[in-house]
Structures are given as C-alpha cells and as structure tokens.
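Here it is: the structure, laid out below.
Order of writing sets the labels: A, B, C and D. Residues in every chain begin at 1.
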Amino acid sequence: MAARRWLARCVAAALAAAVRCNAGEPALGAQSQDALRSAGPQASQVLDLWLLTLGICTAVFAAILVAFVWALWRAPRASAGTPADTTGLTQVEHRPRRVVIVALGASTVLLFVLLVASVSTDRSLAQLVLRDAVHIEVTAHQWWWSARYDNEEAAKTFTVANELHIPVGRPVIMTLRSDDVIHSLWVPNLAGKKDLIPGRTATLTLRADRPGVYRGQCAEFCGAQHAWMAFLVHAEPAAQYEAWVARQREPAATPVAERALRGRQVFLQSTCVMCHAIGGSGAGGQRGPDLTHLAGRTTLAAGALANDAAHLAAWITDPSAFKPGTNMPGHVLPPDDLQALVAYLGTLE
Amino acid sequence: MTVEQALARAQQQVRQEGAALDVAELPSYGFSHRSILWWATAGMMAIEGTVFALAVAVYFYLRSHSATWPMSSLPPELRYGTANTLILLVSLLPNEWAKRAAEKEHVGHVRMALVICMLFSLAFLAVRWLEFTALNCRWDDNAYGSIVWMLMGLHTTHLLTDAYDSGVLTTLVFTQKMDGKRFVDVSESAMYWYFVVLTWLPLYAVVYWGPRFV
Amino acid sequence: MNTTSEVDLTARNQVPPSEADRQALEATWRDPAGLVGWFSAINHKTIGVRFIVTAFGFFVAGGLLAAVMRLQLARPQNTLVGPDLYNQLFTMHGTTMMFLFAVPVMQAMATYLVPLMVGARSIAFPRMNAFAYWLYLFGGLMLYIAFALNIGPDAGWFTYVPLAGPDFSPGKRVDFWAQLITFTEFSGLLEAVIVITTVFKLRAVGMTLNRIPLFVWAMLVTAFMVMFAMPAVMLTSTALILDRLVGTHFFNPAEGGDALLWQHLFWFFGHPEVYFIFLPGLGFMSAIIPTFVRRPIFGYSAMVLALIATAFLSFGLWVHHMFATNLPELGKGFFTAMSLMIAIPSAVQIFCWIATLWTGRIHLKTPLLFVLAFFFILVLGGMTGLMLAMVPLDLQVHDTYFVVAHLHYVLIGGAVFPLLGAIYYWYPKITGRLMNETMGRWNFWLFFIGFNTAFFPMHLLGMKGMPRRVYTYPAGMGWDTMNLVATVGAVTIAVSMLLFVINVWRSLRHGQVAGDNPWGAGTLEWATSSPPPAANFDALPVVHGREPLWEAAPEPTQVRGMATGQREVLVTTVVDARPDHRSVFPDSSIWPFISAVATTVLFVGSIFTPWAVVWASVPVAIALTVWFWPRRGETEREMLLEKSP
Amino acid sequence: MMRIVCLLALCLASLTACEREQRRYNAPASPASPASDAGLSRMGPFQPGPAASAASGASSSAPIASAASAPASAASTSLPPTSANPHEENAVAVAEGKRVYRWYNCNGCHATGGGSLGPALMDDEWLYGHEPQQIVATILQGRPNGMPAFAARIPEDQVWKIAAYVRSMSGQLRSDVAPSRSDGLSAGPPEQRRDKETPKPAAPGKDH
C-alpha cells in the first residue's frame, strides 16, 4: 500500500507536468469534466489505480524500448548478400532463452499485481458507505436527462431536468433507466460511467467530497445529439442543498407582473403544454424537461446553452439551429408573445 | 481398402531418382480426408455448426429473460416434428449406402441410392412445410416466436440447399461419365447429409421439447 | 484455357524443368485474355493482386472520411459537417476499416502469398476464391453507393440496438450496414476454408507442420478464428435485419427480447476480430525480421504456440467491451483476468523478436523500419489495453478518446505498420521491381511522426473527459489544443499515405529490377522468379528444412511427373506433407463472377423485401449449377490422367 | 476497367439523393425571426456556435421552407383531394409522426390503429376522408363526437407528419417509407408489412 501511494505520488507529479504543458485549461469557471481531478472517493480510488497502472506500464514499456534499442545499436550491420546464420535451427540458444524466460516471468508477476490491484479497487468501490443516502431516479431521454428526487412522502418527491444538486459528503444512490435508446451516465470527477439500457435498471453510487459544479455527459452514442447531452452536478454544502430541495418542492408561483402573466397565458394556450410541465400551472406534459424551476438552472437544452433571455428566445424559436435533430419543434411566435413567454419562464425561480 | 492403407500404398508409388522425386505413379484422387473436397465440407460443417450452436444459445438466453416459456402460446405440436425426425433418421440408410457404393465406385448402386435419397428429401421437405403450420406461433408475436422461427428457418435452409445439391448430383451421375472425382463428390455430399440430419436432433429437442421440459 | 489438339494433355514435367515444361505450364495455368477473360480470371495471384488493390482502395476511402472528421473536430463548435453527416462519417469509417480493409487485406495477402510460401501450384478452390473476391468487391461498392445516395449507415460500426433498431433508425441505412456484414462475412468465411485447405493439403513435399513459415501459421490460426467468430455476427446481423424488416422481437425488451443480446453476440465476434487483424500482422513481423536480421526467428515453437494461445484466449474476453452494462461481479473478475492473460502470448513473441534482433546482423531497409515501429506503437497500445482490461479504469475511460487512442495504437501499430512493411517487402516479388528506398523512408517517418501526433494526445483527451462519437464539443473544456494537434497529425498521415501511393505507382515502371530474391530471404516464395510464373514453380520444390533457401538441401530437390498440359496439383498429407495424390484443378470460368452478381442481387433485394430471398435464389441456384457442371470433354480430359488409389 | 464502371455508377448515384432518408433538422422557423437574431448577437463562451445555426440555416433552409410551406398552403386553402403530403416520401418524418402520435396520446382513443373510443385507423373506412389534407383538417379542426381540435396544440408541420403516419397504418405508404415494428408491445404486423386497404367512405349515418 505505502509503495503504491508513493509510486502514485511520483507519477502524479509527472502527470501534473504533462497536464500543465497542454494549453486550454477549462474556461468554464467552476465547471469541470475531468477524470484527473477527482472530487469524491469513487473517482479518486480509480485515479490511484490509474496512476499505479500507469507507473508499472511506463516502467515495462521503457524496459522493452531500452532492450530493443540496445539490440539495434549493438547488432552488427549486414547486407542482403550476407550469408544467413542458421545455427539457430540446429542447436538451442541457451543465453537468449534464459533471458526470455526471465522477462516472461517478470511480466507475468506484474500482470498479477495489476489483477490484484484492479480487483481490490473494484471491491472498495462497491463498499461505499450508503447511510442516509440521497435517492435519485435518473431517466435518460434523447437528448436530455430527467431526475426524480425520491422521498418516503410522495408529496416531497420532485422532478428536475439536466441539473442535479447533491449534498457534499452524503452518498448518492442513482437509479438509472432509459426512455428510448442506450445512454451512459458519466461524471468523471465523481465516478465511472454506467449504461442506461431500455428494459433494464442499473444503480450508480457516488459521493462528492469537494463542493463544485461537475459536468457530466452521455458517453454511449445515442443518435443525432449525442454530443449535446450534458448535465451538471452541483455539489454544495448541506444547508445550501436543503434550501435548494425546499425550493424545488414548491410549485411555481403565479407571476404578478402583467407581462409575465401574459407569458403564462401564451404558455398554457400554445403547444408547449403538450410536452412540458410547470408545477401548479396545470401544464403536465411529460415528454420534455420539467420547467417548474427553469430559471433556477444555469444551462438550457442539456448543457448546450447558457440560461438567459436571449438564448431562451432563440431556443424556443428554432431549437434545431442549436441542436439539429432535437425532438423539440420550433415555434415562430409573434415577437411580443415570445418576449412575454420568456419573461414568464424567467420568473420560474 | 481403408484410407490408411491407401495412404501407405501411395507412399510406395513415389520413387526418387537423384535430384528428382517422381510422383507420376500417384493416384489422381482419394476418398475421405485425403481429398481436399473433404476439407471444404468439414470447414462448412464447422461454420454452420457454430451458427446452430449460437442460435441455440440465443434460444436459452432469451428463455432465461422470460417468466413464461413459450411466452403467449402453446408449444409446437409434436406430431409433424417427430415424424420428420424419424424420416431424417431413416434417410441415413440410403445415404450410407450411397457413400459406400461411391467408395467402392459401383455406379449402379450409387444411382439407385441417390434416387432413394431424393425421394426422402421430397418427403421431409413436405413434412417440414407441415411443421411450420403447427408451430403455434408467429415470428412477430414475441421473442419466443422469433427465435423458434429462426432455428427452424436455419435448418430448413440447409434441407433445401442439401436437397437441391443432391438433386444436381443425381442428374450428374445419370447423365455424365463417372470418373473417380465424381465418386468422391458423392461420398462428400453423403457426409454433409449426415451433418444436416445430426444437427437436426438437438434442434428438434430444443424447439419441440425445450418449451415442454428443461 | 482452350484445349486444342496440339496441347499434350498427358505430358509430365522433368527435373531440371525443360523449356518445353515452362511453356506448357504457362499456357495451362495462364488466365484467359480479353474482356470475358478478365472476369474469368481465377489464378490466385491475379485475384490476390486485385484483392489487395481493392482493399487499399477502401483504406484510402476510409482514411479520407477520417480526415473530414478530424477537420470537423479541429476546433470546438466547428460547423464543417453537421451531426447527420458526422454520424454517417464515423460509422462508414469504422465499418470500412474493419470490414472492408483490415480483415480482407490480410486474407488478400494470404491469397497471393500462402500458395507461394508453401510451394503449391495454386490455392485450393481457385474458383471459390474468385467468387469470394467478387462478393467482397460488390459488398463494398454497395455500401459506398448507398453512402453517396445518403443511405450511409449512421448508427456506429458496432450498430447497437435499440438505436439501430426499427424504432430509432427509420429508413434503410442500417439495413445496408447489416447486408454489408453478410457480404464480407460470406467472403471472409470462404477465404478461411480456402486458406485452411491450402495449408493442410497443398504444402510442398517435406514441409512438415514444424517447417511452415510463421506467416502461414498466422494465417492458418486466423482462418480458424474466422470460422468460429464470424458466424456470431452473421447470426446477429440477420436477427437485426429481421427485426427491422419483418418485425421479429429479438431486441425488443417489451416482447421478451434484450438489447444486450446484440452486444454479447457482436463482441463475441468483435473481439476475436481484433485478433484476426492482429495475428497476420505478427505473421508479417516473423516473416520480415529474419530476412533483415540474417538469421532464423528465435523460438519458432514458442511463436507458434503463442499464436494459438492468443487465438484461444481471444474468445474469452468479449465482455470487456461491456463493463459499463452492470454485469455480475464474478463475470467482471473473470474477464479482467482473461484480458490481462492475453498479454502473455504477445509478450512471448515480442521477447523472441528482440532476442532475434539481439543475436542477428541487421540489414536496415524500409520493410524492417515499418516492422520495427511495432515495438513502439503496438507495445504502447498493449499497455493501454491492460488499463482497459481493469474494470474500474475501464469505467472511466470506456467510450472516451482514450479508447480511440488505444485501438488505433493497437490496430495501426499491430497491423497497418507491419502491412506496409509487408508491401515494401513482397512488392518486388509481385511486380519484379523494388520500391524506391528514399521515398520509403520519407513515407515511414512521416507516418510514424504523424501517427503519434494524431493519436497520442487522445489518451489525455479521454482522461480529461472527452467522449467518443461526438460531432462537436464546447470550447474551454481544455480539449481544444489537443484536438487541433491531433488534426495536424492526421494531415501528416495523409501526406505520408500519398507518398506511399506515389511510390507504388512510380516503382511499377521505374523501380529497380529485383531478381528472384532481392533481400536474400530464406522461404520458398523467393525460390521462383519475380513475378512468379502462372504455375508458381516450374518444378515443385521438395523441402528439407524451415528456411529452405538458407540451408544446404540434400536430394531429392524437386518433383517430377506432374502433368504440364492440365492444371494438376500435388496433394500431400496433413501433418508430415508426404505426397498423397495428384488432383486436376478447374479451368478459368466466368461463372464465379456471374454467381457473385446473382448473390448481390439477392442480398440487396432482401433489404427491401423479404421475398427477394425467394425469387432471387433462382438465378443464384442456376449460376452455381452451371459453375459446377462439367464442360464437354472435361471429364474425358481428366480421365487421361486418372489413376485409382 | 471494372473499377471505372463502378466509379461512373458512384458519380451518377451521388447526383441523386434519397428523399426517403433526408434528415430535415431545421424547424420551419423563419431565419429572420427577431428572437433568434437576439440570440445570435449575445452568445456566452460555451454555446454551440450561433454561426452553426446561421450557416446550416442558410445552407439548407430553402428546400425545407418549400417542403414545409407546401403542407401549410394545402391545409389553409382546401386543394383538390389529390394534394400530396411531402412527408409521405420521408421515412424519418413518418417515424416522427409515429412518435408524436404516441406522445400526444392519439393512441388514447385510437389505440395502435385498431381504435377504441375513437374509430380504427388501420381499416379501409374513412369517416372524414383519407386524403392527407382531409386527415390534417380532421386533426386541426376536430370532428363531432369527441375528436378535439389540435390547431393550437400541435405545430402544423407535426400534424402533417402525424397524417402521414396515420395513412401508413392502413398500408397507404410505400413499404420502404412506412415504419417497422416499434420497441413496445407487439401490435400485429408492422405498418410497412400491412396490405394496402382501398379506402371507402363510411356508411352514411355510421358513427363512432
């Protein structure tokens, strides 16, 4: 173990250097999607294992290259005319034979070390303590995510889309389902990925130990908009999280501003309600993201757009311009209707 | 004369004279694994055997995912399937006769045996048609229907191709001059017939008894 | 071949072969002239060359598709191609490289080389060989015509259901993919049977199993793998097309089907496939290294056993492509162990080659350069392979650019580099002229540098969270620079490939004349002239050792008494290659071509209606019957040479 | 030489493109909509390029516009009953029709074509006409005895897609365009395998 840690540390240093020297550090501020920056026990155990493996493999690779280059360097040069030395056909070459056998033994041992490391990591991943865990039912759709926060009291469950909030330090149990094709849920900073397969249910357990916004993305090719099927995990201190939960449980407040009221009307009388739900407004469509607390999110369209009035308007008018192939049809509304609708959606904190 | 004896004899027919190895006296054909045709047939049997094995594996994989089996219908009716199994097994007799006659290079017997084999193939193709009418499921009912039809379809394809192929061979032995090569053809096609019949037995067990027992 | 009276149908060759023998053999084995003759060609060298050229044609096509993808990914939120086209691009790229290049090109090389290396007059079943080639060509053309018609498959080369199923892939795109599989697998399986029979029954007298050149061993093992792996994908692609066309429910969970069934069957084929791309590469290594190190390979038997072990193990690790699908713990452990274990046979071969280099005298030419690159690229790819074999790591890097990097290191390092080496190595045998050495070195170094520039950064991209198969990505994720670098590398590769094509083209006319054995190699294909005569050898060789051209051969040295007026081959015994009997092979025929056309009609027709299987099987049956029906006088002609056992 | 022939074939092929396979990823939004302009002007650091929308929109909006406007005009001005529905040539559009048929709960009344509260759609009886734009009118304006009007609820382009799918239920569409089985409970043979019913108006007074 100690050796492993030590080795891990040296390789980490080397790797860190490598990471520095490549430009373009994430400009997403807090957001990060990076298996090399673990923010929880699952990811960090995998990272340790990776560094260990990297260390061993690098060593072996180097050894092979040295032997190879040395062989090239020391061997005398020849030409097509040089008579071939066929003694190898008639008599056993003891020295090279011994060397090969030793090298083979060494590789076998190292492979065994890797096997043990892999299996033990796998075990400890499975042994994450799940006391007072947060239960989230995640369902993947082409090309967005919906998540239901479970609770013993049905009244206290609520549904969000494309942005999860989790409390730092508390384990999370995600139940994974798919609504259409195979997707894969992956938040590299927190844990490895898990497929969401139609007709099957999977679970993913993780814990965030460092607060932050971690970006995740669908990792299994799922059609036209596979590239823009992202989501955010906000890991925040317990108090902040509880406040968020409380907010989510509230239905959407009926706006007071006259313009927003008009927007509400536009929403309820247009095609929006066929797919979208807004708690308390009577709109209960289940085919698109739940919009009850839309304004509380930082992104639109599964991480494709920043959540602000301009993008919202552009998105409603022509979603295919941003996500060609999306299932949301475009709606060309009269400008003031559109602005009113955007204003209303803006009130859904 | 067994293959081994024939091989041994071939060795004595090769003579060395100085730098040259004279093979002029070697035979121009050989039966069983001596002939390259045998290896082609064996290869095809290996490939198709793998297909059958995998299809059966799929059958049980799907079965393991389903609470009830058959999923929403009765198992296939036994009579036609069982009848066909018997017909196929009996057809091995004229088949074996054809094989031996071919290896003895006895034209008359080969012709007779092949004709009888043809009659058998007509018989089991007819009964196979009846089998399809008594499967009690459609391919688009559910996964059970799909895999049952696939297993039956796979084997029926083999029956058809094999029947056609022996038909061509039969016309050959009646219309063409019989050289050694042709006898080898007959013997190899007989070997393939064995394969088609023997692969049916597990399929019969799976398709007809799988939904009843196991 | 026209059998006019002046041909002596019973003439037999002498030792040493006389000029008359040479002319008679050439007349007997030559492919017919003229347009019809062109389509009737069945000589394994003619078919082999067409096969190789076609495969490289598809290689270039697939490479161009990749270039477009790299340009699209060169910068974030690029708009060169949209998702629809991009998804077709990467599906076509993967499908082309796996099914139309990597596997067929190895079989193509075998078609040309194996008969020469085992000292045979012809490949076994030459007509079936031609048929297999035409099927492969038509399948590939079908795919590209479909692509040009905007019916290019777009569900990935792995075509996972339900995305590829009837509900989520409307239209015919995926059906064309499924039928392409039928084409290539059909062709591949025929080639496997042909290679196995050739190696087992047509070896030169005295070439016992432990004297077979390692490349031939590699192709033999590969052929066996093909025989047992390809049926899986044929079965499952049939199930897919049935689901899409007649509404079966193999993959429909609501009716008892299962989406994972596809993945199991696909990878039960898909993983061995990686190895039947890789094993021939190892064969090339073992053929080229001894020649340029001027000594036989070290540890021949260990090498052979390693090949067999690899083939065997490769069937036990398909599930490591499915670690993210929630498998039982025990399964994961087993497949991790298997996946790590398969590194051992590869290690055996790598160590043996290094030992060979260590104890040899090196003649550094382009073929050797390409082969030596293996030690850097493939070994690195193997290391990342170990990481993918470990479940926890795989769950992080699976379906990311890390895997893209890994598989290109393995396949290009393990197969393409050795293959290019092999082209440089055997080109003089095929054409009679050497390829240009200087250009060859430029070709190599550009490829080597370009390759590593293109694919090394992808390891880091994967770890830094970039998933595969995305048509674009947001700016500021820390991926931009590495993607740009990768694109630059891709362009470099394109340039080096252009050099390669130019070199092949120019050397045809301006290359330095090679002579029979320009590299001073030790195996049989170098014993005959370059290019070889239609009958391969004027008199069949008798083999006394593993490197016949290097060892002093006792008598007898050649075979006498083979017919020169008819296509007679010498059949030998399986294990110790003792002469068994003489067999007359069929003449050239256009019917394999016609049968392939008929089969193509059947396959393409069945994309649109299941009834095509019924009505289109009539022409197929007719064509095949005419193919096998003896021509007038053919039987009589053969009976002139007949001798009962 | 063989290869040259095939190359020619390829070139010829590439001139025509298969309508059945067209993925029309641009909604019938007018490119000059103020909202999208607003969107174009103020883009944050990590949005997919508005350039994308502009470029793709510009490049491929022309045919789309025509395709979309055709049905539109067909619906508003009642053309002769022979007016065609361009979506009936496009497998992707029909598939979308099938999806939203489910999503918008048409199967609530019409089931998977067999009908329950509402009339069956897979038979040869048509109460209000089988022509595309008649079906569209039925969906948009509704019909007596329970068929609601969806004019304000379903975007017109999708209505035309639903109409195309509805006609596929009774085998009116080419089998290579009509949908195959869906990943759900089996509902008899898939649309593309159904025999073409010859539509006849329902018996007078007959009602559901």
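Annotations
In this text, a contact is a pair of C-beta atoms (placed from the backbone, for glycine too) under 8 Å apart; a residue touches a chain by one contact, two chains touch by 3 or more.
Because the structure is predicted, anything quoted here is derived from the model rather than measured.
When the interfaces B-D and A-C are ranked by C-beta pairs in contact, the top one is A-C.
Per-chain Cα centroids separate chain A from chain B by 53 Å. Averaged C-alpha coordinates give centres for chain A and chain C that are 37 Å from one another. Chain B and chain C have Cα centroids separated by 30 Å. Each of the following residues of chain D touches two or more other chains: 23, 25, 45-48, 52, 56, 181, 183, 186, 189-190. Residues of chain B in contact with two or more other chains: 140-142. Residue positions of chain A touching 2 or more other chains: 27-28, 198, 224, 324-325. Working note: touching chain pairs come out as A-C, A-D, B-C, B-D, C-D.
Looking at the complex, you find that chain B touches chain D at residues 140-142. Of all residues in chain A, only 27-28, 198, 224, 228, 269-271, 273-275, 287, 304-306, 308, 310-311, 313-325, 327, 329-333, 335, 338 touch chain D in the complex they form.
Against chain C, in their complex, chain B makes its touches with residues 1, 6-7, 9-11, 14, 16-31, 33-36, 39-40, 43-44, 46-48, 50-51, 54-55, 58, 61-62, 65-66, 71, 105, 139-147, 149-150, 164, 168, 172, 176-177, 179-182. Against chain B, in their complex, chain D makes its touches with residues 181, 186, 188-190. Considering their complex, residues 82-84, 87, 155-156, 160, 162-163, 168, 253-254, 258-260, 290, 293-299, 302, 324-326, 329, 332-333, 336-337, 340-341, 343-344, 347-348, 350-352, 354-355, 357-364, 372, 375-376, 379-380, 383-384, 386-387, 389-400, 457, 460, 463-465, 467-482, 518-520, 522, 545-547, 550-551 of chain C touch chain A.
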